[in-house]
Every structure is written in structure tokens, then in C-alpha cells.
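Take a look at the structure set out below.
Going by the order they are written in, the chains are A, B and C; count residues from 1 in each one.
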Amino acid sequence: MSPLLDVSGLTKRYGGVTANADIVFDVNEGEIVGIIGPNGAGKSTLFDLITGFQQPDGGRVLLDGHDITGLRPDRISRLGVARTFQKLKPFIDLTVTENVIVGALAHTSDMKTARDRALESLAFVDLLEKRNNFARELSTGQRKRLELARALAMSPRLILMDEVTGGVDQRSIVGLIALVLELKQRGVTVVMIEHNMQVIMRLADRILALHAGRPIAFGAPEQVRSEPAVVDAYLGTVTDAA
Amino acid sequence: MSGSRTDMLKTARAEPLWPRPPLWVSALGAAALALLIAYPFIFTTSFSQHLMILILLYALMAQSWNVVAGLSGQISLGQAIFFGIGAYSSTVLFAKYGVTPWVGLMVGMLLSALAAVAIGVPTLRLRGHYFAIATLLIGSGVQIVFQRWDWVGAASGLYVPIERASPWFYLQFHTSKVPYYYLALGAVAIGYLVVWKLRRSRLGFRLQALRDEPDAAASLGIAIARHKVLAFMISAAMMSVAGTFYAQYVLVLDPERLFSAEISIIVLLMTVLGGSGTLWGPALGAAILVPLSEYSRIWFGGTGRTIDLILYGILILLVCMWRTSGILSLLEERIRRRAEMP
Amino acid sequence: MSRDLILQAVISGLLMGLIYALVAVGLTLIFGLMEIVNFAHGEFLMLAMFTAFWFWALGGLDPMLSLPLVAILLAVAGILAHFGIIRRLLKAPMLAQVCGTFGLGVALRAGAQFLWTPDFRTITNPFIAGRVQIGPIFIGQPQLISGGICLLSFAALWWFVTRTETGLGLQATAQDRQAAAVIGIPTERMFALGWAIGLGCVGIAGTMLSTFYYIFPEVGTNFALLAFVAVALGGFGSIAGSLLAGILIGLVESLGGLLLDPSYKTLIVFALYLAVVIFRPHGLFGRF
């Protein structure tokens, strides 16, 4: 069976700086793939390239065997690829429910259906209490969950999550882990950028490690963790910081 | 999923899709509607009817701006283009071919929507300021063209030929302002109903989403460019209706006035003053600024023309500095707070 | 069409273009610093022209003498505008920024009409008048002098921004506000300085313009439109870009007026703007 997402040779340059160089990895249906790397490793750029927010200078992205390289973001989204943003982007003038309705409207134009779908999605991320608040009134952690609910409301096959645990307190992280596992159970395929090593080691089936825009390891968590290049580039800096 | 969460979901699902306004707001709305319908019989002077006709006309024009700027977040400074197209479409068709202004109204809406596509497709993908400036320049350019275009009377403009028979067919009323009043009221009612419906539709939600965060909207499958153009088209068609109506009301087309940047600016000032992005903000803004302008003209004579603009300018500046969401938001906050009281 | 006529058009276009450039550079400086488009820019130009006019009409002061006074007054107006209005608008959404400066412009224009009537005025018998003949072409002396002063102003501005410590601070603030603040540059003061310099340039341009142009409340509108075009052409935030773009607009306008119906010259300039923003969104001379 061909992988759901197949990335090969993806490259992006800004002037003289190479943000992504020849990135190769694949994601199987139902799998959780983690992406790790120090700041500036090119993780978010990789998401932007896959989801069409930036045009790659080389390489291809296949979704289910079809070439989606360079398609417009909304086209890629309609093929069932959802994403969240590291720099959160809630629709601040809408209520929480309305935010998620926008996601649910991907598949229906009936407002009642969309609203109910949105409420389910909010229940899933445990944000129902805040449903009638304006998005601007939410805390960072709540905004993250809102963004997740919004993306999930469009019933994606594949979701790309950019640092859902960043800036979130320890207790909420436990909830988020459970959430991702439940997503997996429901058959949603997940690619997640994650800084928290404990979280990613627990969740991911496979991990892609990036350093300075280049892939330095790709495989099972233990294997990636013991890779000398990863230890040098990433784990070293983490232990220094901690 | 835990039990309490299932319960909460059940409660949430049972809630009405759209929150119902509190009773006193509905009552106030009904009273306002009744007053609007009875207005020409209560206020019988020509001036008071003229004043209300202008308020209604500007309420429609401001709402048109609100659709493109308030809902989809694109600051158009060229709305006068569509006002002029509406006025010229009906008048040219009638003066040159004897076509009823009712048809001219439709043609004007169509032409305005097409013009919105022609202007919007290349410019709406520009970043905010560039689009605003582009529409400002295009508006000024269109005015220059109409002032030089001999077929439509160039700088001296056109007159709507006077027809005294079958006033409803020719949309001219020479003995009373009352028919104009109800025409304007009808146009406003339809326009506001359309926008009310739009705001609760898929399109409306998508426009508000892309206004707040275009990238997030795109990630949810919304085709940004197409939706912006769509909003611009709806806005243009609304503005065009106001233009046709205005031409039939004053019966003179002056390109200097019809395509003036002042019209584009005033609809913006009204909407922002009342509350851009809200349904009733544009009407509130029109209801404040039109009387301000008309009365200052009476009180200060000829120079009043500028006193109103001085006040407009200062008012809008203050709103932008201190109350970005407009005057209506003050009331809304109060309504919300009242509604939340046990 | 004779070669002399074209040469004449090129010279007068060039001189007018220098005025456009000086108006535009104020706009671009302000935008470059704080990403605000000053939609009241044309009205400040109008105020500068009227200030020069009243110095002449009431004080008998020739524009050449009142030039520094007008420039200083406008610079002060810029500082006041920044601290009184703009500082608050900076925190507001873009819609409020556009409408706020727009509202300010409307109020200033209407205020000028109220105080001084919509009449057209001119300064008669200035020090510099008449025209000089160079070979086959004639150049108005006021235009020639004002072109020279505009160039001098640009040279001074260039020197200030690239050679003085404050100027470098200005550049740093324009490039990255936060980083500039971190290394101890007072960004708030830099913003005010940007407004002072920007409107100071408008003061110079307005005074020079008043020696050969009609002075009336609506005069700023068209200059502001052309300044927007110049800024877009030159790239928002670029000083050299606005100089080149201003000159280009002056040339296009005067040559276009020569080749086509003069009334369409503005249209050509507007078309130029659209072509540039659509096909080269970072300006003709800007980097990609």
C-alpha cells in the first residue's frame, strides 16, 4: 500500500538561506509521525510547503499517490488535509462555536448541521464551556484547542499540528496527549511538530529529525533518539537548556 | 467521553442556532419599523421626507461598503464607481432607448457586478493598503473618463427626461416625495434582509473568517480570492441600486458629484462611525451623519457644506482612536450585559 | 512634433516630478517606519501651501524667506499629529488606521474651506518669477529653483539617514522595531522624528509649489494620489525609490500630456500604478 503522504526532495531557499533541503519522509494511513528539531530547523516551513502556503523550489508532495505540490492551500485543504498554526490564528471577531462552524462548513452548507458538527468537535477538545465566548477572550491553551477543534471539524484524513503543547501547562498536556491518541483511534493520520521530547517519544510511531533545514534521521523513536547526529544537534541543546 | 461532557453537548445542541434578542430589543425594533412605515404620514413636510429619504439612501450605500469592508475586510475607497454606474445605466437606457428604469436598475446591478470583477480580480489579491489605494485611483480615473465621454454628456452630465404619465413605470414622481420614500424604504429593507441572511450563511461565515485570518481561512478550504471578489460583487450591486434610485430622485446626473471621492468616503465614515461589520452600524451611522449634514447646512447657510465635513472628519477620527468598533458596539455591549443578567 | 517640444516637456516633467518626489518621500518614510499610510498627506501639503500664502499675504514674507518657517511649522505639526493621534492609531486595526487618517484629512480640507473659502489663490510678484531661456526651451524660474531645492532636500535627507547616528537609528527602527528597541533605540521618538521629517519635506514642497501653483483647499488631493503612486512605484519605505518614482511620474505625466489628450495624463499615471502593484508588488526599484 502506498503511503498517505509521501514527501520527496522537498527544498526551499530564501535568497542564500536554505530553509528546507531535500527532505524525504512518508506517512502511512493511521500513523502518528513526529517532527523534531531545534528552532530554525525548518519545521514550520516544511508544513507550509506541504499545505501550499509556500511554493517549494524543488521536490514533490504526494497525497494518496496524487501530486499536490504547489497547489493552493484551500485546494489542498479540500483534499482532506487540515493544519494548525504555530502562531495561532483564531477568528477573533467570531465566537468559539462560530470559529469551528467555519471548519465544519467545509462539507455542508446547512448551518444547523455545521453547528452540531462544530459542537461535537468542541466537545472532543473539551472547550464546550467556552462555546459562546468570543475567540479573543480565550487563553493561549484554549486557543490551541480551538484551532484543533476548527481543523477537526472539517473531518480531515490527515492533520498537521504545529506545536500543540507549546506554551501549555503540564496538566493540559496530559489532556492533549489523550486527544491525539483518540484521534489516532478514530483513524485520523497525524503529523506533529513537537518540542516536548517526552510527549513525542510517547506518541509518535516514527520521528523525522531536522537540523538546519536538513533531515538527519527518520525512523522509530528509539532509533532516532540514539542517532548520534540527533544527539549532537538536538538533544544536546535541550539538556543544556534544561 | 465523560458523562458530564455528553450532557453539556446535549444542552448545547438544544440551544437555538441563533441567539434570540431580548424581548425589549424586539419590541423596540417593531416600534421602529412601525414608525418607519408611518413616517410620511406623521412628518408631512417636504424637508422631513427628503431628510428621511437621504438617510435611507445612505443607509443602503453604507451597507454596501460594509459588505466589502466590514464583512470581507477589504477597504474599498472607490464605491462611487458603482453608484455612478447605477445612475448612468438607468438614465442612459431611458434617455436614449426609452427603457424603463426598472430594467435599468437590473442592468446597472449587472454592470456594477461585472465592474467589480474587472477591478477586483487583479487588485483584491493585493495587500490591504494597495487595494485601498488602487480603488481610490480607479475611482478617480473612472470619474475622469465619464467627464470626457461625450456619448454620456461628458462633464455636463445627463438629464433624466421628464415623464409625467405612468409614474411607477418611469419611476418619476413629480407631485409627492412619498412614493420615493417607500421605494427607498423597500430598497433598504431588501438590502438589509439580504445582508442579514448573508451573515448567517456559509458565504457570510467564510467572509468573516478570511477577514480575520486569511491563512487560517485558506487552511479550512476557503478560496480566498474568489470569496473576496464575490463580496465585492454583492457590494457593487447594492451600491448600484442606490445610484439608480438617486438618479430617479434628483433627475440630474453630474459626473462631478456621482463619481466623487466624497461619496466613497462618506459611506466609509458612516459605517465606521456606526460600527463596521455589524448589521445595523451602517444605518446608525447614516441616521447620525445625514441629519448632521442637512441641519448644519440650514443653520450655517452656504458654508454649512463644510461644517458637516469638519464634524464628520473629527467624529470619525475620534471613533478610530477610541472606539474602533463604532457606536453600535456601545449599545450592543449594554444589550449583552442585560441579556446575561438573571 | 518637434524635438524642442519634447525637450520642453521632459524638463518641465522632471521639475514637477521632483516636487512629487519630495511629497512622496514623507509618505514613504512614515510608512516605512510604522506601516501607516497617511491618507491626510495631501491635506498637509495644502496646509503648507496656505501657510506660505498667509506669510506672504499678511506678513509680506516671500516664500523663499518663509521656507524654513513653513518647514519647521509642518514638522511641529507632524510631531503633534504623532503624539496626539497616530500613537493611538498604531494599536488599532488597519481599518481604523485608514479611516482615522482619512477622517483627519477630511476635517483639515473642510476646515480650510470653511476658514479660507474654496477660492483659488496665487502668490503674485514673488522674488523669483519669470522664466529663463536655455536654447530653444523656456523654464519657469520658480519651477527651476524649486526643483533645485527639492534635490538639495533629498541630498540632505540622504545624508541624514545614512551618515548620522540618529538617521541610522531611524533605519534600524524601520527594519525591525523590536530589535531596534532591544538595542536601546527609542522607537517612540523615532516615530515622531519620522513624522517631523516627513511633514517637513511636505512643508518644503508646499512652499515651493505655492510660488507657481494655485492654492486652494482641494489642492492636496491630486498630489496625494500621485504620491501614493510614487510610493508604490518606488517601493514602500524607500527614499531613493520615491525620488526616482516621483521623477518618473512627472515625466510620464508631461510626455503623456504631450502625446495624448492632456486631460488623460492622470489616467496614464494611475494605469502605471496598477501595472506596477499587480506585476511588481514591491515596486519598480524594490528588491524581491
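To be clear about the criterion, contacts are C-beta pairs under 8 Å (C-beta built on N, C-alpha and C of every residue); 3 or more make two chains touch, one makes a residue touch a chain.
Everything numeric in this text was worked out from a predicted model, so none of it was measured.
Trainee: Please categorise the chain-chain contact pattern as a line, ring, star, complete graph or other.
Mentor: Topology of touching chains reads as a line.
Trainee: Which chain has its Cα centroid closest to the overall Cα centroid?
Mentor: B
Trainee: I'd like the Å distance between the centres of chain A and chain B, where a centre is the mean of that chain's Cα atoms.
Mentor: Taking the mean C-alpha position of each chain, the two centres sit 41 Å apart.
Trainee: In whole angstrom, how far does the Cα centroid of chain B sit from the Cα centroid of chain C?
Mentor: 33
Trainee: Which integer distance in Å separates the CA centroid of chain A from that of chain C?
Mentor: Taking the average C-alpha coordinate of chain A and of chain C, the gap between them is 48 Å.
Trainee: Mark out which residues of chain C touch at least two other chains, giving numbers and ranges.
Mentor: none
Trainee: In the complex, go through chain C and note every residue touching chain B.
Mentor: 37, 85, 88-89, 92-100, 102-111, 113-114, 221, 225, 228-229, 232, 236, 261, 263-264, 266-267, 270-271, 273-274, 277-278, 281
Trainee: Sort out for me which residues of chain A touch chain B in the complex.
Mentor: Result: residues 51, 53, 72-74, 77-78, 82-83, 85, 89-94, 98, 101-103, 105-106, 109, 111-112, 114-116, 119-120, 122-124, 126, 128-129, 131-132, 147, 150-151, 154 of chain A touch chain B.
Trainee: Quick one: which bits of chain B touch chain A in the complex? Just the residue numbers, please.
Mentor: Of all residues in chain B, those touching chain A are 1, 5-6, 8-9, 12-13, 17, 19, 200-202, 205-206, 208-209, 211-213, 215-224, 277.
Trainee: Considering the complex alone, what residue numbers of chain B touch chain C?
Mentor: Chain B reaches chain C through residues 69, 73, 75, 122-123, 126-130, 132-134, 136-138, 140-141, 144-145, 148, 261, 265, 268-269, 272, 276, 303, 305-310, 312-317, 319-322, 324.
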